[in-house]
Every structure is written in structure tokens, then in C-alpha cells.
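Here chain A shows up in two complexes: once beside chain B, once beside chain C.
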Partner chain A sequence: MLTIYLKKLFQFSRIIFSLFSSQYALMLEYRAEITLWAVSGLLPLIMLALWTGIENPLVNYLELNYLKRYFISAFIVRQFTAVWVMITFEEDHLDGKLSPYLLQPITPFWRYVTSHLAEQFTRIPIVVIMLIIIFSIIPYSFWLPSLSSLIFGIIAIMLAFWVRFLLHWIFCMCCFYNDRASAIERLLLIPYLFLSGLVAPLETFPEIIKKIAYITPYPYIMSFPARLLSGQDVSLFLGFTGLIGWFILLFSISIITWKIAIRHYSAMGA
Partner chain B sequence: MSKIEVRALSKSYRVAAKKPGIAGTVNHFIYRRTKEVLAVDNINFKIAKGEMVGFIGSNGAGKTTTLKMLCGLIHPSGGYLRVAGFSPLTRDKKFLRQITFVMGQKQQLIWDLPPLDSIKVNAAIYGLSEKECSNRTYELASMLDLGDELYRPVRKLSLGERMKAELLAALLHRPSILFLDEPTLGLDINAQVRVRQFLSNYNRKYGATIILTSHYMADITSLCRRVLLIDKGRLLFDGLLQDLIQKLSPSRSVIIELNSPQPIEQLSEYGEVVEYDKNFVRLLIPRNDLTSKISSLLIKFPIKDLEITDPPIEQLIGRLLS
Partner chain C sequence: MLNIIYTFWITSIASELEYRLNVIVEIISLIGNIAGTIFTLFLFYQQGSNVGGWDFYSSLIIVGIYTLLEALTISILHPNLSQIVKHIQDGTLDYVLLKPINSQLWLSLRKISPWGMPSFIAGVILIFVGLSKNNIIIGNLEIIYAITAICSSFILLYSIWFILATTSIWFVKVWNINEVLRSTLVAGRYPLTAYPPSLRTIFTFVFPIAFLTTVPAQALIGTSGHQNILLSLVFSISLFIISILFWKYALRFYTSASS
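For the complex of A and B:
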């Protein structure tokens, strides 16, 4: 019995690896585009400039160093949790590219996941170069997180990516009902920007907004890993429980919604 | 036992019905009207293992929709469907491992990478070992006459090379049922012939069941003994291609080259004159009288050359559908 499971696990790992390597090769073909995408994720650094460049009582309250580390960490988190699955899924759906994927004995979900992971892998050197530039411009903002913060931070970023990806994947199912469902992605951007802590640390929010934010997945996919990396005191238990809980919930929902939505596939354009 | 069994299969779509102009646009924005389109209407057929069947009909007849239902891409509105003993709707992995669907105008190969990259992905998905993958790739590549093309990015390949690489990737897992939708679309004559030869060899070698749609009748006539003729979603004919030709055209076409022009009135005694140009005449002569009429023609007229053919199948089907 164990041998069968191990064989299946090996087979699945081989599929994921081959999908990843082909997607990685594809991403390297488009390295200029990836660089531009990475550069376009500068929002946290713009927020950093805004927060530190103005007379703001909250800046004193939060301590300048904390703000710098927080927004630089948020920049790193954002780079590795970027999700654009709705746009590619809608394109593939409308162009009929989804059809060959659906006829293979593996759900297309893994193609999109590996495509994102390959893109993130391609980003690593670009992000490192950008961090070197940032720390050269503002050297006093440099810090090295502790080993534990770094390890937990990386795990949190990986989980955050999954939670964000699953959230978007569930909304991808709307593509089976509407030809322009990717517009929902723009809608999802609003709570992401507002409630995740991307434009301002959540500590600066009114209590009621904070409470509302914590019943959504957003603080767990941005604020929690960013605070971890920046060396803040955070509850690992609460943070990881939130991430794992959202992961389990969204993963379950994604399986159900896929089974329902796929019945409405019209194989348009194919 | 049938490899494919279809009973009372139907598919209808709801499509938006918008009137032209500004008023139509505003009306459509406020109140969306839709209408039901019956793409496939109550069709029945069975296909045995190893058969090659041509699925013919005009654009929008329901051929591709039927193929999409057979491979499980779309759900039928009604009817019974079994392919390789499975209901395609369940998208069972064992079922998916037995089929392939090649669309002439769509591709599964990764555009910016060489075909071998996509082939390696397929090998992993279908659980083929490295050795199996390279053996099968070599075998199929030889059958398709592919070589260096497998190492060049897909975007750099010609249409014919791309189609052959598509076929290679789609058949790597050695499916026993092939759904082919316009596999020779846009290819030049040589590439069309090569693809036809390949399909014929694949069918013979692996006993694969093949359903093929094509607007090039040469694909159908050279590959398929049996055809399904569909129009406006309804199955008009299911049988041998030869029977269809006889049914549609009880006459044969006789092209005569004369030594000198002859009066049309005399020639028309032997059959219907469909073309008359000085020394060249084309007659339609009923199949039953063909031998006697030809003998008389040869005796009575100074004939330089004579050719007996079936009327072009495109013409016959076109006439029937119009």
C-alpha cells in the first residue's frame, strides 16, 4: 500500500517538476517582461517614501526604523505573492487553450500554480538586485532578520502565496459563466490594498477596521509575513493558524467550485 | 463491442440576440434577450474499435460540438454517450489516458519553446519513463518525418511542421481513440499527404479508432470508408462513403476528348451533357447503362481520349446540403 502511495507521489512530483521546468524555461524567454513586472511592484516603497517624507504623528508613534523595515519587507512579500491567474485563465478560456489542458489526466490548476512558481523563481535575482539598490540608497534602513524570523517569514510568504492564489482561483471559475470575469480581479485589489497592510501598517487603522480586516485573509497574506521579516513581535500561532485555516477553507471551496463550474465550459474558440 | 456509442445525443446553447444599431444596443444593455440554438439534434451512431470515420458537413453543422461532447469537453443537453466504456462527462483519468483531441486551428505546444519541451511535459503527465518517451518520440518523429524541427521554438516552425509536432505531442501516450478536428487545415498538399499517411499508419499499427472532421474531402476519401454526414445538427447519413456517392449521384461522370467537334444533340442521347467545349464534353451517364453507352459512344464518335470518374464528392454534398 505504502509503495503505491510513494509511487503516486513520485509520479506527481515528476509532473510538477516537468511543468515547473518548462514554465521556468518560458519565463526566461521573457526575462525583460519579468523585470518590468518586478519593478512595477514598487508600491510599498512608494508608501515608505510617503510615510517617512511627511510630517505625520503616526510616524513618531510607529518609529521610523520600523516603518522602513516594514515597507521593505512588504515589498519582498508582494514580489513573491503576486497572482495574475484570473487574467491568464480568462485568456486561455476565451482562446480555447484550456481545452487541451482539460483533456489531460491532470487538472489545469497545477499548470497555473507552476507557472506562478516559475515566475517567482525567475524574480529572485531581480528582487535581490533591487534590494541591493534600495539599501545602497538608504543604507541606514539595512537590517538582517534573525534566522528564525527568516525561516518563518519564508514559510509565511509561501503560505500567503497559496492563500492568495486559491482566492483568485475560486473567482476564476466565474470565467465559465461570464466572458469578462477577470474584471473581478480589479475588485479584489481594493480589499487587498486596503486590508492587507500594503498601504499602511494595520496598527495605524481604527480598531473596528482592524477587527474587520482580521476576519478576511488579507492581513495574513501581507501584514503577518511582512511583520515577521521586519523583526516585529508577532504571534506565530495566530498568524500561521490564520494562514493554514484560510488555506484549508479556500482549497476545499476551490475543489467544489471547480466541479460545479467545469460543467459550464463551452470550449469556446476551440 | 462498440468503442463509441451515441444515442439521442443533443446539445443546445443559449446565445444573446441583439438587434443592430444604437437602439438595439441600448435595448440589449437594459434587457438581454437570448435564444436557444440547437447545435446537435438527437443523433445516434456506433463506432467499432479500429474504425476510421469521417465526420462531414458544412460550417456550423454540429461536427465539432459533437466531437467536444465525445471527448468530455462539453456536457450534452440530452442523450446517452459512452466512449471506451466511460461516460466522458466524468473525465475519468483512465478515460483521458485513452483519448486525444487534435484541433487543426489550436495548439497545445508551448509557443516559445521547442516541441521537445512540451513533449517532455506530456511524458511526465502520462507517466512515461524517459526511455519510453525518447523511444516513442523517435518512432513518431520518423513516421512524421520530423527531425531538427523538434529542437526549434514552435513559433519558428512552418504550419505543416507545427501540425506534425502537434500530432506527435498528442499521440505520445498512444491513445486508442483519436478525435481529429480539421487536422490538415491550412497545410500545403505535401504536408496534407504526409499527415494522411501518418494517420493511416497509426490506425493500422495500433488499431486506433479515429473520428475525423475535415473540409478537405481528400482527407475523408483517402482515409475513411465510413462517413457520418451531419447538417444543422441532424445526422443525414451514416454508412459507407461509396454508398453515399451512389445515393447522391446515380450517374458517373464521363469526360470525352473528341477528334473533332460533334453536335450536342447527338451527344445528349447518351447522357446529360454537363460541359461542352468544342472537342471536350462531360456527360453524366446512369451507372446501370454505363457499359452499353460507352461502347456505343466509342463506335459512333471519333474519340481521342475518355475518362470515367465519380462526380467530385464536394459537389455532391454541396448540392445535397444546399
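For the complex of A and C:
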């Protein structure tokens, strides 16, 4: 019995791996585009410039060095948690490309996941080059995170990507009901910008708003990994519980919504 | 010519109005974005600090001008200029060039989206709140200055965007350069003097955020000298002329989809 399951699991992971490598080959063709996407994620660095320029007692309290490390970490986290599934999903749906995908013996979900993961792989050298540029401009902000915080940070970034991806995937299902559902993505972007710690470290937030932010998944997918990477004292237990909890919750919701929405699907001409 | 533009706009508004749900999405995202920006400003101004010599309500004026630019982006720039790349990719630019109308005009003003309206209203409200809280009474001269500065900031944004979109005649794949532009534009939500000196130079001459939001706000407050207004006018008009020349130059390199 166990061997059958293991065999199935092995087969499945082989499929995922070949999907991933084909998507990776595709993504490599679009290096120029991906570089531009990477450049468009500069917001944390703009915020860094603003925060360091302000005559604010809070800034002294937070220490300039910490701010620099925090925002550079936030920049890295943002690069590897980019999610655009709603836009491609809507496009595929409108062009009728979704129908053949649905006929394949594997759910389209994995196609989108692997394309995102492949894009992240393509990004690695681009982000390294950008980091070299950043550190050559502000050399004294350079730091090396300890091995443990680096490992935990990478795991946290991966989990954060999954949480954000699942969140967007659930809202993709709206495409079955309206042909401009990707507009919802703009709404999802707002709490991501202002509650995740992308524009300001969460420590500067007033208590009430901090509490509200921690009800949403956003601080876990941005502030937590960024603080980990910047070498701050963070509660690993709380952060990872938040990430894993949201992952399980969103994963179960996504399975249910997919089952409901797919029944609603009628291809072009049906 | 105005007649043609009027007809263009009437038809595109009619087709946009099919998507009524978008009004709700647009308004929610507008409120969310403004609330978020004000919240960020509030974080900066905690405990009576100051941002590059600007107080809170003066910064609101900058946010207001930024929101006006957003309105222009949503209404005209985005619906039109993001299509240029698609025309080049699909080869439909041929049809545009064959039309008996200036191609740059057609590409820039063919469509209008009514969803910029909420942003426009919000921008005007923010500017008025900022002005009245600072007890600023605008004189005639300031009004002329401010309108000139805002108009030149509109022309400036259009010209930059159009020049970037034109480059896709050579590099079809850089369509998302628009995203880079939009994401850098976010820096214009805050006063120029809040940035470190090295960035200030970049934001004035390379990527002129200074002329997009800070100078119009200064014109409203009355702290901007007339040379700044004149400079932004000259800057925007010359960039506009460059965009026209650049488009003509780029068209020489345009070989349609099959050739």
C-alpha cells in the first residue's frame, strides 16, 4: 500500500519538475522583461530614502542601520513573492486557453505555480546584481545575516510566496463570473502596500493599526521574513505559526472555491 | 479635430459604461490608496517631526496633485499608451498609420475612461483641504502659476510615457516599462526635499518628479518663484516636442509584422 503511494508521489513530483523546467526555459527567454519587473519593485528603496531623510525622533530610536537593513530585506522579500496569477489566469480564460489546460490530467493550478517558481529562479541573478549596485551605493549598510536567520528567512519567503499565491488564486475564481475580475487585484494590492510593512516598519505603526494588520496575512508575508533577514530578534514561533496557519486556511478555501467555480465554467461558445 | 476627439470619447465612454462594477472597484481602490498614503504621511509626522521642511497639510497638497496625475493616468494615458505596444506586437499599427489622421494624436487620444473621475474629485478635495488648513488664500497670480505648473506636469508625464512607449518599436518586449514608470512615479507622493540630495538631482533632471508634483504644489502655496514655473513650462514643452520628433524618427524603423 505504502509503496503505491510512494510511487504515485514520485510520479507526481516528476511531472511537477518537468513542468517547472519547461517553464524555466520559457522564462529565460524573457530575461529583459523580468529585469524590468524586478526594477519596478523599487518601492522599499524609495521608502528607505524617505525614512532616512526624515528628522524624526522615531528614526533615531529605530537606528539608521536597522532601517537600511530592513528595507533592503523588504526589497528582497518583495522580489521573491511577486504574484501575477490573476492577470495571466484572466487572459487564459478570456482567450479560451483554459479549456485545453482543463483537459490535461493535471489541474491548471500547478501550471501557474511552476511558472511563478520558474520566474523566481530567473530572478536570482538579476536580484544579486541589483543588490551589488545597492551596496556599492550605500556600502556601510552591508551586512551578512547569520546562517540560521538566512535559512529561516528563505523558508519564510517560500511560505510567504505560497500564502500570497493562494490568496490571489482564490480570487482568480471570480474570473468565471466576470470578464474583468483582474480589477480585484488592485484591491488586494492596497493592504499589501500599507499593512505588510512595505512602506514602513510595523514598529512605527500605532498599536490599534498594528493589531488590525496582524489579523490579516500581510505582516507575515512581508514584515516577518524581512525582519528575519535583517537580523532582528523575531519570534520564530509566532511568525511561522502565522504563515503555516494562513497557508492551511487558504489552501482548504482554494480547494473548495475551485470545485464550486469550475462547475460554473463554460468555455467560449458553450 | 475637436469634433473627432469628441466622437472618439463618446464611443469609448459608452463601451466603458458596460462595466458598472468597475466604479465600485475604482472607488474602493481610490479610498484605500489615499487612506494608505495619508497613513504613511501620518507615520512620518509622528511626534512633530518634519519632512524636508514641509508640514503635514502642505504634504497633503502634494498628495492631491499626485492624485490628479493618477486621474490623468487612469483616464487617458493608461487606456491609450499601453495599447501602443499591443499594436506593434499584433501588427495592427499598420492600420493606424494608414488612417487619415495624425498617428500620434490617434494613439494618444483615441480612448478615454470615465474611471479617472473619482480620483480627479479626490485630488481637488485634498488640495483644498491642504490649502484651507494652512490658511492660504490664493491670489490671481498664484492661480495662473498653479494652472501653468499643473498643465506642464500633465504634458511632462504624457511626454515621458509616450517616449517610453515609442521605444517598443525597437524592443517589442519592453512593454512593462510602463510598470517601471508607474512604480517610480510613487516617489512623487512625497516632497522632493524629503529625499537625500543625490536622489534629488535624479528626481529633478533624470526622472522629473520635482516638476510633476513638488513644483505645482509650491505654486499653489506661493513659495515657488516664477523661474521654477517657467523652467517647468520650458522643460515640458521641449519634452513634448521631443516626443513628436522621436515618434517620427521611430516610425522610420517600423517594419510591420510580416516584413
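Rule of thumb we're sticking to: the second predicted complex is superposed on the first by the 268 of 270 C-alpha atoms of A that agree within 3 Å, B and C clash if a C-alpha of one lies under 4 Å from a C-alpha of the other, contacts with A are read in each partner's own complex, and residues count from 1 in each chain.
Assume contacts are C-beta pairs under 8 Å (C-beta built on N, C-alpha and C of every residue); 3 or more make two chains touch, one makes a residue touch a chain.
Because the structure is a prediction, the values reported are computed rather than measured.
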item	value
First (chain B), second (chain C), both or neither touched by A:Leu19	first
Partner chain in contact with A:Glu33 - chain B first, chain C second, else both or neither	second
Partner chain in contact with A:Thr52 - chain B first, chain C second, else both or neither	second
Contacts of A:Ile184 with chain B and chain C, given as first, second, both or neither	second
First, second, both or neither for A:Leu43, with chain B first and chain C second	second
Overlap of chain C and chain B interfaces on chain A (superposed complexes)	30
Contact footprint of chain A on chain B as seen in their complex	13, 68, 71-75, 91, 93, 96-97, 99-101, 103, 106-108, 110, 112-113, 117-118, 120-127
Chain A - residues contacting chain C, complex	30, 32-33, 36-37, 39-43, 46, 49-50, 52-58, 178, 180, 183-184, 186-187, 190-191, 193-194, 199-200, 204-205, 209
Interface residues, chain C side, partner chain A - complex	19, 21-22, 25-26, 28-29, 32-33, 35-36, 39-40, 43-44, 46-47, 49-52, 171, 173-177, 179-180, 182-184, 186-187, 190, 194-196, 199
Residues of chain A defined as touching chain B within the complex	11, 14-15, 17-19, 22, 25-26, 29-30, 95-97, 99-106, 262-263, 265-267, 269-270
